[in-house]
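Below, each structure is written out as structure tokens.
Paired with chain B in one complex and with chain C in the other, chain A is shared by the two complexes that follow.
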Partner chain A sequence: MKNKNMTRYAAFVAAALVAAISGAGAQQGVQPERRITAISDDATRSVVIEQLTLAKESGLPAGAMEPLMAKAMEGVAKKATSKSIRSAMDALQKRLRKANDLLAPSPTVDELSAGADALYVGVPERTLKQMRQAAPRRSIAVELGVLTELVARSVPPAKASKMVLDLMARGATGAQLTAMNTAVQSDVAAGLTPEAALDRHGRGIMSLLPPPSAVTGANHR
Partner chain B sequence: MIDDTAERDELIQRVARSLSPLPPNDTHARARILAAVRARAAHAPKPWSVVFDWMRQPAFSVASAGLLAAAALAIGFVTRGALSTLDMQPNAIASSAPATNVTAIPASNAPAAVRAVPVPITFDAPGAKNVAIVSDFNDWDSTAAPLTRFGSNGPWTATVNVMPGRHLYAFMVDGKLVVDPRAPHAHDLDYGTDASVLMVNTP
Partner chain C sequence: MTARVSALMLLVAILTTDAAGAQSTREVRLDAGAAQVQQTGRDTRDVAGIFALSWRESNPLIATRLSAAITSAGDSASAAQLALAAAWRASESSPWLTEGGVSAAAFGQTIFARGGSFSGFIRERRAIDAGGVWVGAALGGTSRDNVASHSTAFDAGGWWRIGDFEASASVTRLRSEDIPLLQAAELFLSGDATVYDLVDVATDLHYEHGPFYIEASETFRNGLRATSANQSALYISAVYTFSPRYSFIIGTGWLLADPVRGIPDATVTSAAIRVALVPLRAPTPAAESRGAAFVSLSPKSSGAVLTVRVVADDGASVEVAGSFSAWKPVPLVRINDAWEAEIALPPGSHRVAVRINGGPWQAPRGMARVKDDYGGAAGLIVVP
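== the complex of A and B ==
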């Protein structure tokens, strides 16, 4: 009798999955539309719609509309002109497309956004690809965020990329990477060069971690 | 002997006097603790545990589950049909329903393992009437995450749910954007206005 019945939980999950899959297209499209209504300026609203339509037509995944929409609303909050908003959205769209390719096969919204931000500050494209290869089955949004901050604080991109990739290979946690970033910033504020500060704190964390071969499985989860 | 006792009493009284004033009140610490407590309370799983207990019970036959799946399929397609009729044209947008408040939790297709993290926020603005946090995680919407004043003249506080990663934010203080003086700043080349940086770890 037990085999013939399924739990309410299993039935609920199955129903939710079916509903989600069949309605997914609609859900992804409706949220930006609601937010567009909050834009009072006609010219800005037209620009936002135009840019979102272009992004959709260019084949960007539906999730990429989230950061694009946020960029538009940031411009609205900062009282930017419609021309500035168009320019910012266009540039972000290009970075998102690039990030989508580099973080393939299925980056999350947060990874796409973080990847685009990393490219914005000058992180090499190759690094994004290597980071995805180092952790193909888990989100690397935190790692990308730390790398972006390091480069934004004038750590040379190649040096910052190597350190983050080395730490990822050894299984450093997001908390360890964030702590390293905070420590680097403190040292830079105290007068140390960004490069020296990264070297100091990166090596410090490295010394606490096991060799790369021992953590391959963890990154692939 | 009497002198010794009097001296000792005097000494005890002096020690007691020096210890009796309380240390200065750290309003930020109190605000942070209260915000963290509120965040934890907000994430208490009690109502859900009742639902999950109900769902764990074997009650559906395969046939009834099939019916449920069919109903879900129908709901999904009806929803898709209804919502896809919304056209992304300026006139259609302008005439549709007014905007609703945007939640501080962003829509995301992130893996199930990655969840939004409650982050306590505090900000000093003694003379302000309204303070809100605006960020990429709430579409820079000043109605999405308002802060409340702690006490009559204390710091403004809120707890926002944020996905792990790097986020840019600012405070909207009485309609004016203000960066957080206690956080690192990021230069914004797009709009020429700096923002503050918030790093959120995976829980």
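== the complex of A and C ==
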């Protein structure tokens, strides 16, 4: 009986949250409401609803619910306890709020998610701010993602930040940064330290780009 | 007896050096060309055809290269060689890389008639910042006209990479009983000594940019104890890759005698075409990688397709999950010897994990790893 009531409550609250989650690049083909109600553990379902409600009340944009939902579902898939899921969602919510501030004025959902990931692996907060300043009118989700990958591969955050910022200042495209990231991955697999690999390929791309003065305004497109 | 010149060994020495790389590739290539070879103190120049077949298989932890080569000539330059080299590391993030290998050669006027050599080496590398250091040891035995000799070598060195340039320097201490080989190189012993003691100091600089690769090596050789030696040799080589399948290789210079592998000294000028018969194909995970997951990303007009390949038993249950599936497990399907799934990913950052038989979720190899807040890890990938 208790279970049935909880499920109905969950469906009701979830329905209220659907408007916030959907329309924000929500999960591929899986309705958020269905994802919440599909959580079989009552305690976990309550925690997810509670955390999503708190996130919405805290002023996070609607799109930010999606990474929170994904974090919750990751915990469910990994059979984490409701306590762990609450802790993970709470920590992610804080990172999303921080990223929302740093990437102001109007970050996209992808930028928010990538920014939160970047903060999670140790990218300095000021780097996010500088990246936004370098490209105030276009999405920097790919740049943030590449930076996160580099730091996750043990490139010192300060070094990775400087390289990505320098490349952005020279007008490097997301595809060029991704290609650099792939090349770094190959070199690391071949025995080079991540830092040396980044140095090598970062400079390589830099040599193909025009000097900073020639790209003034290029990041404002 | 004059030591036999063996041009093919020079070529295979070049072929085996890049076995240390550990990228996720498979490659089979053929080198075909010609070389003009002149040994110190000999008036004649030998012209030989060179054919070498090389197979390379690697994943992020282990790289293996097997090379077979033959030199065809009308005189003593004829020879054949088989070489196996491998490099391996404990984990993808480990700065330590261990290399080892063996080679065997038969040489003589009529192939296999005059004798041969056998050698092995082991080397440990430690990456430090943009370079690293290494120490190594090698042992070789040579037989010519039923006279056997042994040689040993211990080397230490370091390398440093700046942009497209890489420089290295090393010191090698050699001991050799191969008197015919070293006498032919005009190195002599005093008194009743029967063992050569040599020290080589070598420097190497190479430049790689786009399709161009140029390398210059200078080696200084000096004698110790009863050995009289004072030589220096410069060798320059270049590779131009004009398509993923074809490269052109040239080299010229003096190569000092290598007693460990029984290679006489020689002035060499060579040119060859390299054909990649199986160029850079995605690897079939090796049996020793059982349980490991490999990924590759193929860009599409919008987003990319992530191919996940896992080596596991026929009856296993293999699943992949990630932010792309709301962490709902997606089963892999059996294709040949592995389990596979192809996943369309939209642009953005994605987290991916795999598991076998309901076990712990793991980050696939080759992906950046991030902690998952739940005591495990996931792979992180960015799709432009």
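Here is the rule we go by: the second predicted complex is superposed on the first by the 187 of 221 C-alpha atoms of A that agree within 3 Å, B and C clash if a C-alpha of one lies under 4 Å from a C-alpha of the other, contacts with A are read in each partner's own complex, and residues count from 1 in each chain.
Just so it is clear, contacts are C-beta pairs under 8 Å (C-beta built on N, C-alpha and C of every residue); 3 or more make two chains touch, one makes a residue touch a chain.
A quick note: this is a predicted structure, and the numbers were derived from the prediction, not measured.
Enquirer: In the superposed arrangement, which partner chain does A:Ala88 touch: chain B (first), chain C (second), both, or neither?
Expert: In the superposition, A:Ala88 touches chain B and chain C alike.
Enquirer: Is A:Ile49 in contact with chain B, with chain C, with both, or with neither (first, second, both, neither)?
Expert: first
Enquirer: Can A:Val142 be said to touch chain B (first), chain C (second), both, or neither?
Expert: After superposing on A, A:Val142 lies in contact with both chain B and chain C.
Enquirer: Considering only touches as defined above, state whether A:Ala152 meets chain B (first), chain C (second), both or neither.
Expert: A:Ala152: touches chain B and chain C.
Enquirer: Once the structures are superposed on A, label A:Gly63 by its partner contacts, choosing first (chain B), second (chain C), both or neither.
Expert: first
Enquirer: Look at A:Asn181 in the shared chain and tell me whether it touches chain B only, chain C only, both, or neither; answer first, second, both or neither.
Expert: both
Enquirer: Could you figure out whether chain B or chain C reaches more residues of chain A?
Expert: B
Enquirer: Once the structures are superposed on A, label A:Gly171 by its partner contacts, choosing first (chain B), second (chain C), both or neither.
Expert: After superposing on A, A:Gly171 lies clear of both chain B and chain C.
Enquirer: Identify the partner contact of A:Thr37: answer first if only chain B is touched, second if only chain C is, both if each is, neither if none is.
Expert: Only chain B is touched by A:Thr37; chain C is not.
Enquirer: Now for A:Gly75: first (chain B), second (chain C), both, or neither, which partner does it touch?
Expert: Both partners, chain B and chain C.
Enquirer: Identify the residues of chain A that lie in both the chain B contact region and the chain C contact region.
Expert: 27, 30, 35, 67, 69-71, 73-78, 80, 84, 87-88, 91-92, 110, 113-114, 117, 120, 141-142, 144-146, 148-149, 152-153, 174-175, 178, 181-182, 185
Enquirer: What residues on chain C touch chain A, complex-wise?
Expert: Listed in rising order, the residues are 20-24, 60, 87, 89, 92-93, 95, 97, 125, 127-132, 161, 163-164, 297, 321, 323-329, 346-349, 351, 361, 366, 368-370, 372-376, 378, 380-384.
Enquirer: Given the complex with chain B, which residues does chain A contribute to the contact?
Expert: 2, 4-12, 14-16, 18-23, 25-27, 29-31, 33-38, 42, 45-46, 49, 52-53, 63, 66-67, 69-71, 73-78, 80, 84, 87-88, 91-92, 108-111, 113-114, 117, 120, 138-139, 141-142, 144-146, 148-149, 152-153, 173-175, 178, 181-182, 185
Enquirer: Give the list of chain B residues in touch with chain A in this complex.
Expert: So the residues of chain B touching chain A come out as 52, 54-62, 64-65, 68-69, 71-73, 75-77, 79-84, 86, 88-90, 93-94, 96-100, 102, 106-111, 113-114, 134, 136, 139-142, 163-166, 168, 170, 172, 177, 184, 186-187, 189-191, 193, 197, 199-202.
Enquirer: Provide the residue numbers of chain A that touch chain C in the complex, in ascending order.
Expert: By the definition above, chain A touches chain C via 27-28, 30, 35, 67, 69-71, 73-78, 80, 84, 87-88, 91-92, 110, 113-114, 117, 120-121, 141-142, 144-146, 148-150, 152-154, 174-175, 177-178, 181-182, 185-186, 188-193, 195-196, 199-200, 203-204.
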